[in-house]
Every structure is written in C-alpha cells, then in structure tokens.
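Sharing a structure with you now.
For reference, chains read A, B, C and D in written order, and residue numbers begin at 1 within each chain.
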Amino acid sequence: MTDDVVVAGAGMTAWGKWGRNFVEYGVEAAREALADAGVEWTDVQYVAGGETVRNGYAGYVAGSSISQALGWNGAQVSTSYGACASGAQAIDVARNRILAGRCDVALVVGADTTPKGFLAPNAGDRPDDPDWLRFRLLGATNPAYFALMARRRIDVHGAAPEDFAQVKVKNSKHGMANPRARYRKEVTVAEVLDSPVVADPLHLLDICATSDGGAAVVLTSAHKARELGIASPVRVRAVSTVTPSFPNTVIEMPNFATDSSGVVAPPPRTFMDSIAHVAYEEAGIGPEDLSVAEVYDLATALELDWYEHLGLCAVGEAEKLLRNGDTAIGGRIPVNPSGGLACFGEAVPAQAIAQVCEVVWQLRGEAGDRQVEGAKVGITANKGLFGHGSSVLLST
Amino acid sequence: MTDDVVVAGAGMTAWGKWGRNFVEYGVEAAREALADAGVEWTDVQYVAGGETVRNGYAGYVAGSSISQALGWNGAQVSTSYGACASGAQAIDVARNRILAGRCDVALVVGADTTPKGFLAPNAGDRPDDPDWLRFRLLGATNPAYFALMARRRIDVHGAAPEDFAQVKVKNSKHGMANPRARYRKEVTVAEVLDSPVVADPLHLLDICATSDGGAAVVLTSAHKARELGIASPVRVRAVSTVTPSFPNTVIEMPNFATDSSGVVAPPPRTFMDSIAHVAYEEAGIGPEDLSVAEVYDLATALELDWYEHLGLCAVGEAEKLLRNGDTAIGGRIPVNPSGGLACFGEAVPAQAIAQVCEVVWQLRGEAGDRQVEGAKVGITANKGLFGHGSSVLLST
Amino acid sequence: MSKARVPALGAEGWFTEEGGAALVGSRCATCGTVSFPKSTFACPNPRCAGTELIDARLSATGTVWSYTDARYQPPPPFVPTADPYVPFALAAVELDGDGLVVLGQIVDGVTVADLHVGRRVELVVDTLFADDDTEHTIWKWRPIPDDR
Amino acid sequence: MSKARVPALGAEGWFTEEGGAALVGSRCATCGTVSFPKSTFACPNPRCAGTELIDARLSATGTVWSYTDARYQPPPPFVPTADPYVPFALAAVELDGDGLVVLGQIVDGVTVADLHVGRRVELVVDTLFADDDTEHTIWKWRPIPDDR
C-alpha cells in the first residue's frame, strides 16, 4: 500500500432540470475539479465513471463517454454502477488503483439527466426483472418504500409528520447558502404539511425531486498532491460499499419480501448500520469524531434513520437530536449542510460524488455561509436499490 | 503494493442458448471457481461483477444480484461496465483492491442471457444515443463494423475470404476439444464460403453468435493462495483497460466518424495496438514471450487484426501466420485454443472473464486435448463499443 | 360470460387458491430456509450450497410491519384499474412463523386510516387489473375483522 | 401533393442542401479541430479547453476507406423502406482535406461490386425512409462517375 489517497480537486455543476446531455454536465464538473486540483486533463491516468442507466448506451459507459468528450487522452477507464452508490463505487475503484500504486492521478465523475416524475423502469415487458415487477404487481414506487420506513418511525418511535417536515425546514435553510442548489428557498413546516400526500405519511415536500447534474473529484496520491503544491489536502480515510449479511430482515427496494430469519438468526448489525460501520472500522474513526455528515435524504424521514445508522444517536432518538438543533449548522453534528437532496434533487450517479465534494469544501473551510466551523472529519452515506449502500469517510 | 495477485480458482458454465436467468449462470460459474480455489463463499470479501445491460435492473447491478443469489455474505461490491471489456474491468477492479491491501479474496463474475439475432438497442426513441442513431440513420449493425475491417484486409493487405474461413476452420477444430463450447463441430472452408453473406465480405459462419453463459475467477493475494495450499497459481501480470488517444483515426462502433487528424497528428500507436502494449509495459513482458493468446474473434477477420495488434507479426502478415499454422495448437503461438467466440458465441460480460479462465487452464496444463504444450505466458484481448478495449496478461 | 382468472404476468406460481389463499415460496431441502418469491436455483443462505428448492405454502396471516399508500397513479408498467385513478394502500406484513416480511397491496376500500403497525391481516387473492377477457390476479392483504 | 422533406430524427442540423449537399460538423474556434457529428460543448482535442464550436461545412467528396453492405434487414430502430427488404451498401469515406472518415449509406442501385478502397465518392442528400406525409432525409455516398 502506498501512502494516503487525497482529494486534490472537486467540481460540481449547479443542479437543475435543463434536459442537456448528461455528458455535458460530466465535462463541466470534471473541468472544474481538474482546475481546482491544478491538473491537466492529459495528465489524468485513470477515469472512473459513475454510470447512468437512463441515457442510452453512452450512459452505460459514462466513464468512456465523458473521456471522449474531454478528448481521448489514453487514460485507463472503468464505469461503475450501484444505483445511488454508483459514485462511491467509482471513488472506491479509483482510490484502490492509486493505493495499489497503479496510477497517481485519477478522475472520478458522474452525471445524469433525469426524466420528470417518478423514476420508473425502461420500456418493455420484463417479468424476470424485480424492478419491473414491483411496478406491475404492486404499484410500489420509490416513495412507497421510503414511506414504509417513515411510518415505522411514527408507529414505533413516536415521530410526528412535523418532525419530518422539520428536516426539510433545516435542509432548505442550509441550501439557501449553496449556489449549486436547485431549490434555494426557505420552507416552513406548514408548507410541507400542506403539500399533497404522495405516499402516506410522506408529503410532496418530504420527498426529493430528480435532477440533472454532474460532480467530479480528482483523486491523487498524497505524494502527487505535494508535487502539485497542495499543502493540506482532504484525505480519503475509508470507503464502504458493503452488501447485506443474510438474513437481511428489512425490506429493500425493489424487493417483494425480506430474507427469512426462520433458520439463520439476523446478523448483529442491520444492513443500514453496517454501511457506516465498515467505514469506521477501516479508518479507525468513530461517530464521536465526526464534524459533519452528508446523508441521503431521499425522503425527510430517511435522514432521521441515518442519524441512528451512523451512530449519531441511539435508535429512536433521532427526532430528539433534530429538535435540539444538533444536526443544523451551528449544532453538535450538522447533517446535510449542502442542503441535501431536499435542495438538490437526486442525480443518481453524481450524487454520491456530490456528497464528497461538499464534505471536501467543508473540511477545507470553503463552504461560505454554510460552513461548519472547524470541520475536521466528515462522512457521506447513501443507499440505493438492490442492497447498495455506501459511505465515504474523509478528514483533514 | 502487496505481492502478486493470482487466480486461485476459475469457473465457467457451458455456453449455449437456454434462456435461463443470467444470475443462474453467474451462480454456477462462481460456485465452480470457489470450489476450484477451495474458498468458501462466506470467506469472499469483495465481489466484482460484470454488468449486463440486457437483463433489466438486476443486470445493471450484476455484482449485487449474483451476491444475493449466492446468499448475502456482507462482502463489499462493485459492478463494472465497458461493453466487451466489462469482465476485464471487473478483474482490474478486484485486482487493484487486493494490490491495495484492502482484501485478499475477491470473486469476479459475469453472466449474460442474450436475445436471438443482431444485438440491438433497448426500445424507445433516443436520438441522443449514438448506439440508437447508428441503427436508425445508417442501419449499421455490429457485423457492418466488423465487415469494414475485413474489407480493409482484402483491399489493402490482399487477404482472401478463404483466409477468413481458415480462422473459423482452425477455431472450430480447437473447440471440438472444449466441453464448454456451444458449437463442437468441424467446419470446412467451403461451409463458411457457402454460408450466406451477412455483411460483405463476411459470411454467417465468419461472425460469432450471441450466447448465454457465465464465467468467474477467484483472485487472491499470493500470500493467501499459499495459505490455501495452492502451490503455483497462475499470476495476473497486467491488466489494460486503456482508452484511445486523440485523434483516433480508425472508426469505432457505434460512431459515425473518426476523430479528425487535421490539427493534431495521430498518436504513434493506434488504439488497437495500444491495448496490448499497455499490458506488455506493465508486466515487462513482450509478444515474443507469449505461449498462448485468447482474442476476440467477433468475426474471423478480426482475429487476423489481433495478430498484428498483439505484435505476433507485422502489419499485413497475419494471413501468412495463419496459413503457416503458427496460430493453431501445435504452432508457434496458438490463438484461441478454447475455440474462441467462433465456438462459444459472445456472452458480453462473461466473455473477457472466460478468456482468462481458458488461459488459466492452459497455464496450469489442465486444458486436456486442446492443451498448448508447455504454456507459460498467456494474453487475452478484446474490444467493444465506445473505445473499450482490454487485455489481461497472465503467467505461471 | 365470466372472464378467465390468471395470475398477473410475472406472478405465475407465486400464490395459490387451493386450500385457501396463500403465497407459495420455496424451502431449501438442505437447510430449511424459506424464501419469497421462490428461490429457483440456489439457497439464499450463504452457508448452504443447497440447490433442491421445494415449493412451500407460506402462512396466510401476519402482522403489519409497516404500510403506506399510493396517492398518485404509479408509472407504467403499473396498470391502472379506474379512470380517474383511485389510490390504494400497501402493507409490508410479517408472516406468522415464517420469519419474513412480504409486501402487498391492501384490498379495496381499506385505507391507511384503518391500519397500524401490528394490525393483523390475512392474505386474499384478488384482481390486480382486468382486460377484455381476463382478470389478472394477485395476492392482497385484508385486515382480519375483530383481530386488531 | 409532395411530401415534406425533413432530416431524420436525430440528424437535424447534421447536413445541408444549401449550396450543394454537405455534412455540417463543428470547428473549434480555439484550435481548429473539426468533428462530425458536431461537438456541441467541448473540443475533442484533449489539449484544448475550447468551448466555442462553430458550424463547419465539410468536404462533400472523399475516398472510400472501407465498405460493406447489409444483406439482412437490421433490427429496429432501423426503418425498412421496402417489403421484402432490399439490401443496401455502406461506406466509410475519408473526406478530402478534413482528416476524418465518415460512415454513410451508399445510394440505391450501387452495390459492393461497384466499390473498392480508394473509390472516389461524393455526398448526396437522399431519402432514408418515408411515411404518409414526410420524407425523412439523410446523407448518402454516391460514386463519382469517371473518377474511380
């Protein structure tokens, strides 16, 4: 193993809904990250792309498509897919390559153009495909799965729809200070509760939109960063792309059922708990060391789940943490200072990279009016379909 | 960097056209590779999947889908896509993780179920997608692109359709000794030339079919292989997943045009030449050291191109090499002792892994009646859409 | 003329009406692990190499683990049954004794207001949608009266 | 009534008939690199950060780099123009002076037997397929008589 891998540069488009080709967002983000690192594109030895499955063949090979648009430079390439974890997989792949000593400058990039409305499967009858089947046989959209978790918080932990709305209120406040956010407007609890219910108990304003956007980071060896004159780069301390352990007893999108715990007892840690745990173990860092977290608020209630899965509080205590203001900027452990998905909307293969960009800016002290004072350690966490979760742990 | 990465186990289904779920082929291949390595599935720390874009969402996340079918074991995961290079990308990703010291047992697996006839884009109008456009605007199928290269060999290098047919004759002979091959039947030059022309100058029997199949390898650190009691495992000496350098002056599927060399002169080495070159450079091994090669004979004529791109002979000399019998088993440098795509048909995300399986069996001396005597060094090479090429170099 | 009743495309063999409505999962002959939908070629228990998977009738009753509804019409391949669209409820139900949670629509006329985590429900086979000559059937959950 | 003639879906702005048939690519204002189809937001030269890309009329003549034909009807989204299907030829053509090779169908009536590497061809705008009220047009290559 060589020395540390660091984030030498970060870049990100503004998130929105413009319908441009996804490659364009990828190029814009990549160029910003390269400029930030002070690296020429022609000096990049490896490109790790996050795939988009909604943009034809070019999306399947996003690493290559974006490389071609930047101008073929003879780099080696990969494209990774893991639903919402795609960007973190790409970071992991590039980081390993640097740690292996097989390159010292890598570009990680993801970008998406998303349709309006619910994310839905591609056309055609595909009764072999669980993602097709859940729409056909159940009418179970993504928000339906989010809502099942939200309802558990209410019936089991005593949460109230007002708590969920408060997550949106907090994140919309954060996002007002983020020039890249798509929605930059203060939202009130009443506005959330007055918005139409999409999937009980979740309102339209509880659920994130789908957006267009691109994000990129330039990863280098610590040695290379010194050569580039980067004095104290943000270090990648751990990446987790862990899968569940059998039996996974919490229902996963797009499944019809959980595993059965009838024969094998559930593992000591749930899948969601294991995502950050694996990152903590790799880095020798614990939740008590965190300054800031970016987590996947696909729905407001899921942000509360993450507080517990990250170990920021005990199970059932998330609402208390939120009500105390602990997770707002200025609080004990600010969550989603970027404004989160609430203010961005989701651009699948870019989102996990965008989370890392935000943590990098926070740890560098470059987050402007949304700066978490003295941030030293930050974590990202996300979760997608089919047992994909990921987490990236960064520190100064 | 830790010590070498080795192939501790290899597994592969028989290739065919059964229409089973792709996951099933992946599980079968994985279990064979694990048994071959003497590794329990629950001891696998990392799964690198090769993606299939033709099997719904489960195919996009093949690493995860196959892990789930084997039973969630809490491994970390990735899924890679790079058209025909997908399997090699997955090998590269897993190898780097081991070299980085982040795991010592990884499973690499790819599997596909393919439709009948020409590979074609998914349904729906997608005028932004070059792969959609080439069908709509040109009617340019995959064989059309293969045929452009074949025609060059005839008009520029003096090849004859009989030479292409001889590639099929050679590979069909090789494949007769391969129990996993789909087609195990001797083919004559006359049969090839009498088969209908699909894309002039290529006949139906010049072009590979699409197949169902799965392939897997277990990669470990050399240290771990010793622990497992594997005395002299095959070593992975290099993996190349290189992209072109601008300007790429040979037309790539599915493009409409090449880059222009009007302003920037072409690079010293063509893209196709660079694929193996990068692997040779990494390993410090040259074409003169090779005992065996598995190359992508999507069409017979393309195997001849590969002889030159791998440096087995000078440009324009491939037909001579073939006519001399140098590339048949028993010759100087046998190519496609497995029978190649001619006998297997293509199962996209499995194919590059299957090539590695064959080289492993050859280097172990386990290839039975198709054994290349004394094989010590082997290379694989393949090429897919959008500037994806890959090569894996292995040695005893 | 009454319409043919067939399981909806993709759900063939997933449930039965013989001997009362029930889901049909699989049970591994080696380790006994149950799954739904059926595992068809490999046991989902990672420590079991079993490949003999036997059809297994699952418990037709259970307890609501969580629930929600679909206030807006889901996108295709969902097939709407009424125009304008009528919302339906969904529940994830912990089956009695099988150690797993199964998602399903709730029968018509029952809304989230009638549900709570812990509510007892039973399985029925019902119409998912109909076309000219066929009723496409699916399993649904129905609250058990007097067993809240 | 004559049908409207419009470029086929996806090929809008890819070619012109004004001043004679020609492909329209892009030229980078910074380094002069030409591309086809147009680069719209980034120059394909990796050492150039140019983003100003100007429409550029490409040479309408060139030399066959290679060629083939499609003896079987390609799958959708290809739209056949005759039933039964009639094969067509394809050529990759090195444009005069632009340093790039462009693929295109060969006009009807010309087969691979009429072609060879090095054959001189010129660009025409022709019908790709037609529907009730529209001819969908595309560029094609046509051998230049007396210039073999």
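In this text, a contact is a pair of C-beta atoms (placed from the backbone, for glycine too) under 8 Å apart; a residue touches a chain by one contact, two chains touch by 3 or more.
None of these values were measured; they are calculated from a predicted model.
Of all chains in the assembly, those touching chain B and also chain D are A. The contact pattern of B-C recurs in A-D, the pair among A-C, B-D or A-D where over half of the contact pairs coincide by residue number. With centres defined by CA atoms alone, the chain at the far end from chain B is C. Looking at A-C and A-D, the interface holding more C-beta pairs in contact is that of A-C.
Once the centre of each chain is set as its mean CA position, chain C and chain D turn out to be 54 Å apart. Chain A and chain C, compared by their mean Cα positions, are separated by 32 Å. One finds 42 Å separating the Cα centroids of chain A and chain D. Counting partner chains per residue, chain D shows two or more touched chains at residues 44-47.
Residue positions of chain A touching 2 or more other chains: 21, 68, 71-73, 121, 123, 128, 132, 246-247, 259.
Viewed as a contact network, the protein chains fit none of the simple shapes, being neither a path, a ring, a star nor fully connected. Here the chains touching each other pair up as A-B, A-C, A-D, B-C, B-D. Within the complex formed with chain C, the residues of chain A that make contact are 117-118, 120-121, 123, 125, 127-128, 132-141, 144, 147-152, 155-156, 196-202, 246-247, 249, 251, 255-264.
By the touch rule above, chain C contacts chain B in their complex via residues 39-49.
Those residues of chain C whose C-beta lies close enough to touch chain A in the complex are 8-11, 31-37, 44-47, 65-72, 74-79, 88-90, 92, 97-105, 112, 116-118, 128, 138. For chain B in complex with chain C, the touching residues are 21, 24, 27, 31, 41-42, 68-73.
Chain A makes touch with chain B in their complex at residues 1-2, 21, 47, 51, 53, 55-58, 60-61, 63-65, 67-68, 71-83, 89, 92-93, 95-97, 99-102, 121-124, 126, 128-132, 240-248, 254, 259, 267, 274, 278, 385-388.
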